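Both complexes below contain chain A, partnered by chain B and then by chain C.
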Partner chain A sequence: MAQGSAREVTEPVVPGPRQAKGNPVGPAVAASRRGRRTRRAPAWFLVPAFALYAFVVLLPSAQGAAFAFTDWDGLNPTRHFVGLGNFRDMLEDPGARGALRQTFIIAVAVTVIQNAIGLLLALGVHSRIKSRNVLRVLLFAPAVMTPVVTAALWKYILAPDGALNGMIAAAGPDSWQQNWLGNPTLALCSVAGVVVWQFAGYSMVIFLAGLQGIPREVHEAAAVDGASGWQRFRHVVLPLLAPATTVNLMLSIIGGLKLFDQVWVMTGGGPGTATETLSTLIYKNAFQFNEYAYSVALAIVLTVFVAVISGGQYRLLRRREVAAR
Partner chain B sequence: MRSTHRLTAAVVAGVALAAGACSSGTNASGGSETLRIAAVATDRAGTEAVLKAFQVKNPKVRVTTSYSDTDQYQGTLRTQLSSGTAPDVFFAWPGNGNPAAIEVLAPTGYIADLSSRSWTARIPAGIKPVTQVGGKTYIVPMTFVGIGALYNEKAMDEVGAKAPTTWSELLAFCDTAKSKGKVAFALGNQTDWVTQLVDYALVPTTVYASNKDFDQQMKAGSAKFEGSGWNTAMTKYLEMNERGCFSKDPLGTSSEASVAQLAKGQAVAAVQVTSTLSQVKAQAPQGTEFGLFPVPATDNADETHMPGAAGGAFALNAKAKNPEPASKFIDFLATPEAMNAYAAATGNLPSIPNDQFRLDPALQPLVDYQKAGKTVPFMDQLWPNPKVQQAHFTGVQNMFSGKADPATVLRQMDKAYQEK
Partner chain C sequence: MNRYGPRTLVREIAMIAVTAVVAFPLYLLVNLSLRDPRDGSSAIVPTMSPTLRNYADAWREAGLAGAIVNSVVVTALSVAIIVAVSVMAAYPLARVTARWSRWSFLLVMLGLLLPFQLALLPLYQTIRDLNLLGTLWSLVLFYSGLQVPFATFLYAGFLRVLPREYEEAALIDGASPIQVLWRVVFPLLRPITGTVVILNAILIWNDFLTPFLYLSGSDQQTIPVAVFGFIGQYVSQWNLVFAGLVIAMLPILIVYFLMQRHIIKGFAGGLKG
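Entry: the complex of A and B
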């Protein structure tokens, strides 16, 4: 997101007509090239929008971020400047280190598994199987529900005497039944699983759009050249899906790093601190421990992580996209 | 053009609708005085009951109320106080330990000193310390809440047991329930605040029965959690778990699920806050009766003490925009009429006892212990910061997953206690 807006500022471009409807990433590159060639909009066109954005988003955020350098508890009228004290505390806080670890595990697991499943689903419903439109709707349906609602439902399903253990009891040996959210080793996997369940359909839709954008002629040409099914997928489909992959990986890694709702509803960060993420830790510090300034410092660290990781990933993938063209 | 007009109209309608939907409820009665009140959602019924009685006597006062869940309430209240937009009278917690407790709020000067009011003399000695900061009273305590084992009388009859009065009897009770295909105690340790209840039920006996000054000694630095009766309580908590006293997989069971187990009689009892009784009754089959027993921790029944504390309370905004009706309302809250209406609506006891209150017979043991001076305030109400309680929650969950022992947990609580 931050990348997109930064690019708009430095390279003001009048969007081509295809950009509005077409593939979200591919044509944007084409449009920007076209835009540069044809006509550039004057930069001052941005002033009103930027002024509003600065007033509503940038200024309050900067004011909020300034609290990270104080000892404010969120209530007391007086506060003192403490420099980088809160950031130093973070280094010594085992809770923060643990939360950081869990956040990365969840973000990576969700990104990899969600996109792998999303791609498989997209390939599945892109084929000519019957009732594929019904399947598309069904697979996408979880993504339109509020995360809090799905998490609350899953909390019941994953309870010790919940539906999942009930099904396992009916089908297999009792030892397969698990304390899905109560076992510290399993809880993180369970949370990640629920996130994947909810958003795999979302990745699927983006991959599907990418698949539908691949011209039939390319497939036919490859087939004529004697490429096998796997070779066609590996050397034709996958490279042409690069823009869709970029979008999917970006969205899922950002979502994974910011994860809050599902964790909060299903485990509250527990058992112990087994599923604590940076977001739940920020919430607890600000609203339960009266450590407002410390929580702002944590939030700044989270923002920097998200920006660096997603920015780096974006550059890497875009380079691959161009190479694939 | 026409579509633009339609769009504008739709936007205007949308904004108007949103503005209407987002404003809070108003009990208008067409007077000139206005009073703004905020409370937590759990105490809505009590607040509404008192307001109804208040408005009969003060028909000219317009009242605006807003209610929200605990977490959200605490955050909103703090923001409103620091930005000067807080309600005139608002719900606050006694003692310390959470972000909207009076020890946290009073030093900032945002809440009014109520020491000069005549009703402060009637606050029972057992809860007085948690209504005061630096010797000044800052809240009207509304309810008296206990923690004990709520039990399903039908399930108790089915297993052929009776309420245990000693530790040995308690363990035998667990065995009896188990042999009859039930569990003795439902336990929902997935919900963080539930994790503390068994410790809270045991600690009055293992710590405070022999040392009433434990809190003062903690404050002075001459006592620690580690090596105290807290260790005994936590060890007993784990012993109960190993003995099979609790329902299956407590860490995966939520508070709601454990309440349902008790209501349906799958579990004979549950160590809970007495205010949960109304929730349990609402879920139980018609005609199910419930009782309460204090949780014994030793083999001498006379030593058993019970946690009993001021529950909800109200504070007066020091910078109230409508000081006169606000002050009138605060005084009204302290009358037996308001106390009883509030207690009846929330399923609690009134904090200032009076003869007119009709008690739920299930809560009789709590009254008896209160009268005998055998109640102890909830431990966190006298802790210096909310992190001690959080360390306790996390620690109990870690103990139940085998990742910590009582000594480690108590060390972490000591560490949190020493923080500012």
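Entry: the complex of A and C
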């Protein structure tokens, strides 16, 4: 019964109805109507948008894709076609392999932790508590702040003589003090932690919108059926949150894969190369090492990952959403 | 769904405690920014004799005045262009079912997938060859082109479910398509325009890498670039740096707290497929 009423509930949360395909009227009328439509919404309306889009995104992306198969350093007027040479180099380059590994660790850790916390926060705020509106506004606030600014703040807090170690010194054993950004193993966790701190409120807001879309009757129906609190959450609320979960997972994993600002400000990719990500490595190869073609090849790898993960994740979760209906 | 009972109270206290933990770094930020550098007491202790000297010094040293003006100009111009060209593009995409319209829409969708890192370098060289490096125009151009696909996608989705009667009536009255679009359709798009403006304005305002690249070596900066230079220059003077960070944060926080309802709704709603 809960599943039955769940069916109607997902409707408003899924994308709006598409226009029906095809034309119900006869061919002659259809043709004349299509002509009228084009006249009232002419094709040249697309020109300004597509000119900007082509200049900034399409053309340079195509150029980038082409340069990835050359040995160009960005300055020299000559360049040679090297086929997959840059990609082969990547496999043997410990720097690139490390960056790839770190990028994945950060993206996965951020996605899992941020969404778990975001969901808990959403459940906490979506209740009868009196402070819910104030708390929601405060918890979301870090998400609108400039990442460079929040990263600078955390760089101080996590410094060897910073606030975190200061608090540990006051309360706990000295051995708990750590060089949070200077220790190669900890540094990666610290960076991920800062990202989670900043964007957990963002996940919360999206989950909250999903929770608010679940009508009270669904809960009541499940309660009448004798479902416990956990069962209601697991079998009623969670499936109905599938659209919000899709959006959240995609946003956080893509954001994690592209992460640059926080790393650049807090560690610069260090200590050593412990927090190097694909984005910082792309930047360094292009603007510090003059390895232009190699840098573009790395960007292609990033593009493929973003495309595959977002495409795969979207399809997977879509199937789950449909199953949940 | 029950009344306010003891369990709700426990939940309320727990949520307030969590929020306090989340907000704690911001307390440290403000607390230390008000403190004399010679005050060696713990960062957690409230500052006993607050001073605004750090703020005066930071304002003078970080070049934040110019950076704030630049950030406002770049954000406002970019968002205005994004809205204008995306509304225009979305209109035929949503209203015309011809093949060119459907293919164009797929091309727009492609833009949602490509990460800008791929275009970063070739575009940098084009901008350099056009002698636009170090100008605010390079940023406006970049953001406009980069964000057009997403804005167009949102507008097209909204337009598809918007009734056409008003447009038909205006057309019968002899209005031209461009008049219909701006006088009749655009006002009806207000909710989604709010979302487009909020999402893009915050993204552009906070972006660091693009201005860091395009403005480096010039005397122009935006807020994130100015902050990055400032923290590099005054590495260990945290009281001064923190005053600078507070100043850099204030514009966006003021806007956020004034418009929090709309902003949160924009973030929560604009991203649904």
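What we mean here is this: the second predicted complex is superposed on the first by the 269 of 325 C-alpha atoms of A that agree within 3 Å, B and C clash if a C-alpha of one lies under 4 Å from a C-alpha of the other, contacts with A are read in each partner's own complex, and residues count from 1 in each chain.
In this text, a residue touches a chain if its C-beta (ideal position, glycine included) is under 8 Å from a C-beta of that chain, and two chains touch if they have at least 3 such contacts.
These numbers were taken from a predicted model, which means no experiment stands behind them.
Trainee: Considering only the touch criterion stated at the top, classify A:124 as touching first (chain B), second (chain C), both, or neither.
Mentor: Touch partner of A:124: chain C, not chain B.
Trainee: Quick check for you: in the superposed arrangement, does A:271 touch first (chain B), second (chain C), both or neither?
Mentor: first
Trainee: Just checking: does A:74 make contact with chain B only, chain C only, both, or neither of them? Give me first, second, both or neither.
Mentor: Touch partners of A:74: chain B and chain C.
Trainee: Looking at A:237, would you say it contacts chain B, chain C, both, or neither? Reply first, second, both or neither.
Mentor: neither
Trainee: Looking at the overlay, does A:287 come into contact with chain B only (first), chain C only (second), both, or neither?
Mentor: In the superposition, A:287 touches chain B and chain C alike.
Trainee: Which partner does A:63 reach: the first (chain B), the second (chain C), both, or neither?
Mentor: A:63 sits against chain C, while chain B stays out of touch.
Trainee: Figure out whether A:253 sits in contact with chain B (first) or chain C (second), or with both, or with neither.
Mentor: A:253 sits against neither chain B nor chain C.
Trainee: Between chain C and chain B, which one touches more residues of chain A when both complexes sit on the common chain A?
Mentor: So, of the two partners, C touches more residues of chain A.
Trainee: Now for A:297: first (chain B), second (chain C), both, or neither, which partner does it touch?
Mentor: It touches nothing on chain B or chain C.
Trainee: Counting contacts the way the document defines them, which residues of chain A are shared by the two interfaces, the one with chain B and the one with chain C?
Mentor: Overlap of chain B and chain C footprints on chain A: residues 74, 155, 286-287.
Trainee: Which residues of chain B touch chain A in their complex?
Mentor: Answer in residue numbers: 71, 74-75, 78-79, 81-82, 98-99, 104-105, 107-110, 189-192, 248-254, 257, 385-387, 390, 393-395, 397-398, 400-401, 403-404.
Trainee: Quick one: which bits of chain A touch chain C in the complex? Just the residue numbers, please.
Mentor: 13-19, 23, 34, 37-43, 45-46, 48-50, 52-61, 63-65, 67, 74, 121, 124-125, 127-132, 135-150, 152-157, 162-163, 166-167, 170, 197, 200-202, 205-206, 208-209, 216, 219-220, 243, 246-247, 251, 254, 257-258, 260-261, 264-265, 278-279, 282-283, 286-287, 292, 295-296, 299-300, 302-303, 306-307, 310-311
Trainee: Could you please specify the touching residues of chain A with respect to chain B in the complex?
Mentor: Contacts found on chain A: 74-77, 155, 158-161, 179-184, 267-268, 270-274, 284, 286-290.
Trainee: Inside the complex, what are the residues of chain C that reach chain A?
Mentor: Touching chain A: residues 1-4, 8, 11-12, 14-16, 18-19, 22-23, 25-26, 28-29, 42-44, 81, 84-86, 88-89, 91-93, 95-98, 100-101, 104, 107-108, 110-111, 113-126, 141-142, 144-146, 148-149, 152, 157, 160-161, 167, 171, 177, 180-181, 202, 205-206, 208-209, 213, 223-224, 227-228, 231, 238, 241-242, 245, 248-249, 252-253, 256-257, 260, 263-264, 267-269, 271-273 of chain C.
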